[in-house]
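Structures given as structure tokens follow.
Two complexes, one shared chain (chain A), two partners (chain B, chain C).
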Partner chain A sequence: MLRVRNLEAGYNKLRVLRGISIHVGAGEIVTVIGANGAGKSTFLNTVAGLLQPLSGEIEFDDQPLGRISPFNVVARGCALVPEGRLVFAPLSVAENLTLGAYHQYRRRRKALAEQQLERVYALFPVLRERRSQLAGTLSGGEQQMLAIGRALMAGPRLLMLDEPSMGLAPLIVKSILETIAGLRKDGVTILLVEQNSKAALGIADRGYVMETGSIVLEGTAEELLNNNEVQRAYLGKEYQSIAER
Partner chain B sequence: MSSELIIQYILSGVTSGSVYAIVAIGFNIIYNTTGIINFAQGEFVMLGGMIAISLVPFMPLPMAVALAVVITAAVGALAQIAFIRWLKRPHVLQLIIITIGLSILLREAALHIWDEKVRSLPYFTGTVVTSVRIFGAYVSPQVFWVLGVCGAAVVLLSLFFGRTLIGQAMRACSADPLAATLCGINQKNMVTLSFVISAALGALAGCVVSPITQTHYECGTPLAIKGFTVAIVGGLGNSTGAVAAGLLLGIIEAFSISIMPMAYKDIIAISILLAVLSYRPTGLFVRREVGALKEF
Partner chain C sequence: MMYDAATESLARAELTQLQIERLQAMLRRVYRNVAFYRTRFDQLGIDVEQVRDLEALQQLPCTTRADLQAAYPYGMFGVPLRDIVRLHASSGTTGKPTVVGYTRNDLQHWSALVARQLVSVGVSEHDIVQIAFSYSLFTGGLGFHYGAELLGAAVVPASSGANAADQLAIMRDYKTTVLAGTPSYALTIATALEEQSLHPEELNLRVGVFGAEPWSEALRERIETKLGLRAYDTYGVSEIMGPGVAAECEQRCGMHINEDHFIAEIIDPLTEINRGTGEEGELVFTTITKEGFPVIRYRTGDLAVLLDGDCDCGRTFVRMGRVEGRTDDLVMAQGIKFMPSQLREVLMRQRWIRPDTAIVLDRKDGSDTIEVQVAVSEEAPFFDEISRVSELRAEIVRTLRTEMGISVKLTFVESATLRQKVGTKGVSVTDHRQR
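== the complex of A and B ==
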């Protein structure tokens, strides 16, 4: 579904991504893990069109995605839940969700958008309860649900999430990640970028490990969870405890 | 002071106040989608009046006003596309200087097109001497036109920003341009649209006040200063605040005439602006916490 080849991107003269190649098949849950500053967000922002790639190719459904305007990417069926949620704070929850389906309304697909709204409310019942509340007054977890709901309103086939666990209590992280994993049965493919490697690998089929702008490791989630390097660097386990097993 | 006189002062204050409010709302619309102050807002008011005056010999008044609004809106769009839209990540200061340049450009163009003569639109109903008696005070029917048009504009704008998809999208762009882009909103189009709407609004104000205040190529600047004062006092970006502050400034000015020579009227506005900027720069009608989040 998504195929990225030799992608290089960055800000002005600073090259952050150095030849990234990643593929995501339809119906898969794929995660990219890595430390702060590894280039994970830069990668997602480039796929979403917010940054222009310096070189390399991005293909979505066998169509090149590299040079189209960012606001058209979402209409192609590829939505990003940005890092830090970025809900429209002074707008109500319902307005936030409506704007998520902006391209549907513009194409006069109101019925589709309303259908999608019911689905989002079913997924996150708390959003229905707070639909007339301003988004800025929601708790962190609720804002994350709203950000995911807003992205789902576009009816994407590929949902990309940038650090959905950031700043949230472990229980909420668990429930949000379970919801994300459940989207698969609705036919949504997931590309999840996380610092919380353990939680991310827990729901993913496959994973990539990114370090300073390059992919250093890839494999199934199970392989990565059992990989000594990954355990040491990203799962917080010491050499000693690994050696003792 | 007799009660008739007080009503007379209040009505004249409310009239000029509602014009200040509408100019301030023009500032707010652009501030809300871009974070900049468009210093050419006063010139949009002048252009609206001037174009309508030139058109009125050839067509009925309502049509001339409508056409003037449309043409000014088009000028707003062209100016934004020519000078601002193509810039990549422009700095706020850069944008503000551009709008100052634009205001000079429009003013000079108006001087060449219409010379320095003072003109005015005919009264919408009646003539200069027609007056309506209300609570013992006499006012021109044009006052009701000004109040009605300004009131209708405020109501329509709040419906537009609150209820329509495009209005919500514009507010989304001001809340978070990046997230708006991710929702599929073309942020640049929304900024151009904000220039169109505020130019149209300015032009409309320019037309309804023209019979009372008259129009010449330089009449935009003082209105822009008053409108800017009102926008600041009401809290930048806050349109309800702008209405309240506009009426307040208008009424204060009107009453100042009874204790000071009329020539000092403008000093009131500038003094209020300076006082608010030094003691409460976020405006009188904005909570401090909200103001703290703004860039300026």
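== the complex of A and C ==
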């Protein structure tokens, strides 16, 4: 579904991504894990069209995706849940969600957008309860639900999530990730970028390990969890605890 | 039947994407973790980030057996030793052996790849698999063992130490359905079967999975008739993985290379320039998932072709032909270049000759002499008839002259002596011409 080859991107002269090759098959849950500053967000932002690639190819459903506007990336079926939620704080929950389906309204597909809204409310009943509340007054977990709901309003086939677990209590993280995993049965493919490697690998089929702008490991989630280097670097296991396992 | 149908029948574009992803990640890991490659790439000014497609791999230097030997024992490992859970060593025809290490993930991949090739020849969890490869530092025994076990078959770790009669007794009593071993050992078992006047139908054998030494279609037929099974060729290299690198499917039209784990190339052994599909050359492998012992463009020394076209079995992985010989034991004598295996192939067509062959080269009065030592099969009806034996000798000498252009002195020796001399390789070359 998504195929990225030798992607390079960055900010001005700073080259952050140094030739990333990744693919996500339809129906898969794929995670990209890595430390802070590895380039994970830069990667998602580039796929989403927020950043222009310096070189390389991005294909979505066998069509090139590079150098088209973020708006059109969404219209093609590829939505981003940005890092830090970035909900529109002064707007209500319902307004935030409506904005997620902006391209549907522009194309006068109001019915479709309303259908989608019902699905989002079904997925996150708390958003329905608080639909007139201002987004800025929601708790962190609720804001994350809103951010995911807003992205789902676009009816994406590929949902990209940037650190959905950030700043959330472990129990909330668990519930959010379970919801994300559940989206698969609605036909949504997931590309999940996470620093919380253990949680991400817990729901993913496959994963990539990103280090300073390069992919250094690819494998099934099980293989990555078994890899001692991953355990040491990202799962917080010390040599001793690995040996004592 | 496929063990991992989604992967084994992956469309070429998707397979290429997977290969490039794994190759790039592997190159970055290897550059960081293996001093040998880091030093070499730095010296040659190679930036691994510049490998953007599979063709770019061809620009990287090859790794030779000598490189691996120089790094003996652990110099080529891609992870710290504490992450290694298994060590094997390659037999090493010359010089030091090569020690190869496997991480837990490597072992899982390895088992899955062997399971894949067993399923591809119709082996299932209902089978009783007798493994007559040596259980040792050699990868054959444990490699097949883990694969068959993962598949859920009943595994009989008979190893190759037992004498043929004992092996046969196990086979009969345990109702073995699948035999894994070297083709020459299979032939030895077949001979024991005849010695005990047993009929193959008294056994339950159905499938034979053979490898670890070069063999021929003629030998395949002999084994199939004598043991009453369907024989399949497999290909493995310890430095790459062991068994599980490539294997025939039921179509028997070449061995599918597990391309999701290994990238295969064919090169000219002299110039290292890549050759196209259908052209014979040296097989070169790059491991793209190995953690413990990753190698970049390892020269196997095996001569083979990569085959064009699709296989009827539906697998999309490229196939390789039989290993036609080695790059390193090409014999040049009497102005003729030949592979010992070629000579062996001619000999193996002779019904009453055992497949082991020792070749002794010498120089007499300025011209090369080629002595070929073989053993007459004990089952030959004329085993002690001198006149018939010399008839056979004349016939073989004549065949070798017409087919290979060499004139040889044929000597019949004791089968046991010969076996000792040629070892498991089945053929040995001794060259006295230097002195």
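The criterion applied here is as follows: the second predicted complex is superposed on the first by the 244 of 245 C-alpha atoms of A that agree within 3 Å, B and C clash if a C-alpha of one lies under 4 Å from a C-alpha of the other, contacts with A are read in each partner's own complex, and residues count from 1 in each chain.
Assume a contact is a pair of C-beta atoms (placed from the backbone, for glycine too) under 8 Å apart; a residue touches a chain by one contact, two chains touch by 3 or more.
Being a predicted model, the structure only gives us computed values, none of them experimental.
Once chain A is used to superpose the two complexes, chain B occupies space next to chain C without a clash. When the two structures are aligned on the shared chain, A:E95 is found in touch with chain B, with no touch to chain C. Shared-chain residue A:L86: touches chain B; no touch with chain C.
Within the superposed three-chain model, A:A154 lies in touch with chain B and out of touch with chain C [touch as defined at top]. Annotation: apex chain A, arms to chain B and chain C, angle 150° (C-alpha centres, rounded to a multiple of 10).
Contact with chain C, but none with chain B, is seen for A:N228 once the two complexes are overlaid on the shared chain. With both structures placed on the common chain, the touch criterion links A:R18 to chain C but leaves chain B unconnected. Closest contact between chain B and chain C, by C-alpha atoms in the overlaid model: 28 Å. Chain contact summary for the complex, chain C toward chain A: residues 14, 17-18, 20-22, 24-25, 28-29, 32, 49, 52, 79-80, 82-83, 103-105, 108, 289, 291.
For chain A in complex with chain C, the touching residues are 3, 5-6, 18-19, 21-23, 25, 208-209, 211, 214-219, 223, 226-229, 239, 243. Of all residues in chain A, only 48, 50, 69-72, 74-75, 79-80, 82, 86-91, 95, 98-100, 102-103, 105-106, 150-151, 154 touch chain B in the complex they form.
Those residues of chain B that touch chain A in the shared complex are 165, 168-169, 171-172, 175-176, 178-187.
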